[in-house]
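Please find one structure pasted underneath; my questions will follow.
First chain written, first letter: the chains are A, B, C, D, E and F, and each begins at residue 1.
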């Protein structure tokens, strides 16, 4: 057990093991994404009220769900960095931020596109939409803070503090926005999905959610590998790797 | 497949533009986040190799000397 | 000789790299009571960086370990003198963490650094050297055995430098210790130890 | 002897009072080509105030008149070095008002102040002395005959001070003039003129 | 002579901060003036229809309070960072997470408290019904405490950055939003005659949470900023 | 070697200011993010009803543009003052009132122009009718020029003050108000289908006046601030 943790702290080991993981996970992810998205796009029955625009759910919901989970991944990595001073956690946190922000962006954009045929407007100040927008700001805040520091070690610590504060706040934000919206907007616009979802629609959705989780993991690992190399630019294992000319 | 013609697939009963653009944007973003880290890593390795070779002045350096 | 006093500060194998340059490597030393240690080196040698590591203000980005066994007083490049407060208020606040000093003690300390008559002028109306002197007045009150001073003579005139040197000697003779940097050689009759950071510098 | 060169700067009966104290009174002097003038006085004597009046940065609050007959270069307590720009960019901007300098000229000047290899490091990653040196590099490029320097040696190491002194001498020997303040005595073989502001000071 | 206790030290620090604020009366007057002027901007920008304005008064007042809190929080640690005072505070024997309470307290006193006290004037200017004024003051008192605590986290994290500029707004505005929601909801409830108590209770709970957690985050942030 | 002409010098200064801005991309992104976040504050404070929001969108967008201009204008000269660069500019042989155009231009490019270009996105979020978007962009382009010119006067006058802080808002907000009135009136006119041309023409006239007068005021203000 301890030796495992010890190894986790060793960049060369992490670099090689993540390479092995990626060699398997990346193809699986791509296949799952392809299957899930074509299934949703081509083979499911359209929703009886929304028609074909309903197919956006197969990218919208997975992106939203994984983006939210991504913030927690980032915050937990930040906590580990602060408490146990593990450098790998810092690498993970830094690598998760752009992926999470991109997925949040996808969720917002697909939601906005979905809104036009469904609600007749690109944007409404719905509770979930608003809190998703706030999540995007939280992600951008972490990225911007990291970039603003010159000393990257300090940047990691500062972002870890920010992530933790943000993590405490996410449920508060979500609850308050939800409550705020129900106060103002008595059920004139409602997601259709809350009630019951047909299993023929559910299975491809579950598949794409899983695929998006895998996608997040892949991107996280690949970002971490690039980051590990850059941080270890002066260590012998990186120099060896560079001179070996192989990039795997 | 649900759609019976290619045209139906494209228009999706009037919602085609929305659905296809949403999927397209998503796929572009996914491609970007999948490709960017690999490129960053390879570019860095190339740069470092170049620097190391330049500082040694010997293109055929072996691993033991590092 | 037979009596070995306990160190006030010990550096264990400190190495620092900044901007791709090794500034120093495997630096180990102890500061004992009575030591007057001057860190030497040209511009950019790493003196300020080292003294901030010793003070505990830099905690990341270097290898090695620093053990501090006592309260310390650090005066850096920046003076910590608030422009809107008077020298009296500034000094009172500077020593507030150490204890409660009476108004006479504050005034005496200010007089000792040549600020008699300037006690109640807002500090932004002081000259560069007077500004710095407000800061140095703290040395006359402090109870800390270990002083870390980064270029304390900056902007101070000749008589001021002499007085400050005398104060440093009194402090180390009384069992304190001083670690300082300066580009001027100390003109004191006490034994000064030197720590040179020239090695490894490509200027 | 017979030839009297035209003054570069003339002060006519300047008096200054600050914070209720007369700093100097009826100060009249001329700065001729070849003059190396050091303004002396303890902290708070009014050196900085005087030099800012001479430069034309202070225009109110003093009596008397200053005549400037030439372009001047002023370096004050603050360095004017932007933390986000590199030394190369900083220097290029500093001399932008005087003319268009080539990249080699900039690089040579930086090398002369010991910043070879630091040309493209952002300036906030420089040490205190290196920061100051970026500023001083300007002296190697400037075409201005008259230099007004307020404590140019601050934070500069020993060899740096020697080089700077040599530069000042070269400048005055070539027909320029320097008015400067410093708490260190100049170690030059050239004739230094002194202007002492001690009178009227109650320190 | 023994070092003073951390509480005593904190009180001295608070006094120093207040003296500094009083030396520049403009600093104290400023959030108020800013508030007054932005209140004046709204009728200009939105059109002066009084009944419409009244409906929006709670929201507008709360948004302005939030902005003026945000704009002043950037400066809480900046001057002390720039002149080296903050380094000295870090080296003091007293624990930092208690000392920072003094900074937060001073900030709250000269923005939050003062604003809450004069807000009735601005409320009248925007035609807020008199019955809601009490709730407005109370909600501002509680809410601005949270804003100060959260704003100082942002200030601590960004103080070391060369011209971090408005980065702080990006960091803290998302965290301000729940306060805005419940604060303006409380006032709206009072306007419509509903019970404002629950909203105020939620604001109180947020304040307790913020008081417990943010000093730790601020202290950590300051240590990091000094090091960078 | 002869000193460069004042225009050439001004161009170099502009380039330097833009390089400085680009070195901290956060500085450029910030006014935009601030804009986006304050846009989000309004529905939270005022309630999300789309039609109400649409009615207020012109005013809200203009108020936010004004605030983000105000908040950034404080920093235009501050860092150059603090590190002594401004002294050097005063001593340069080129006339100061031309050099300051570079500061104003850089400020306008990274706040006014950028904001105007992205404002359609925010307009959509507040349900502004698409037909008014063009007028919004145009009015922001013209108006933000005036705002930058006027804001820099305030910045020049307050830069020498130790922590002048928000004093600048007190000085310039009254001068901003006419811009706000005509700017939002232009957009409102476009929303209701009336002619926006006259309002835009007035904004243009204000811009000409400001360009003619404010560099002189700014140059004088800087000389005074340096001396104090």
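Just so we're on the same page, contacts are C-beta pairs under 8 Å (C-beta built on N, C-alpha and C of every residue); 3 or more make two chains touch, one makes a residue touch a chain.
The structure displayed is predicted, hence computed values, not measured ones.
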Given the touch definition stated above, what is the smallest step count connecting chain B to chain F?
2
After discounting chain A, the chains linked through touching read B | C, D, E, F
Relative to chain A, largest Cα-centroid distance belongs to chain D
Could you compare the number of C-beta pairs in contact for C-E with that for A-F and name the larger?
C-E
Approximate Å spacing (C-alpha centroids) for the pair chain D, chain F
37
Mind checking the centre-to-centre distance between chain E and chain F? Centres are C-alpha means, answer in whole Å.
26
Averaged-CA centre spacing for the pair chain E and chain A, given as whole angstrom:
32
Where the CA atoms of chain B average out and where those of chain C average out, how many Å apart are those spots?
54
Residue numbers in chain E touching two or more further chains are 24, 79, 162-164, 167, 170, 173-174, 177, 181, 227
Residue numbers of chain D (touch at least two other chains)
77, 83-84, 122, 124-125
Contacts with two or more other chains, residues of chain B listed in rising order:
none
Footprint of chain F on chain E - complex, ascending
24, 26-27, 30-31, 33-34, 37-38, 40-42, 44-47, 56, 58-60, 62-63, 66-67, 71-72, 75, 79, 162-167, 169-170, 173-174, 177, 180-181, 184
Which residues of chain E touch chain D in their complex?
162-163
List of chain A residues in touch with chain F within their complex:
121-126, 130, 133-134, 137, 140, 144, 147-148, 177, 180-181, 184-185
Residue numbers of chain B touching chain A in their complex, please.
1-3, 9, 12-16, 18-19, 21-23, 25-26, 29-30, 32-34, 37-38, 40-42, 44-46, 48-49, 52-53, 61, 63, 66
In the complex, go through chain D and note every residue touching chain F.
55-61, 71-72, 74, 76-85, 89, 93-94, 96-101, 122, 143
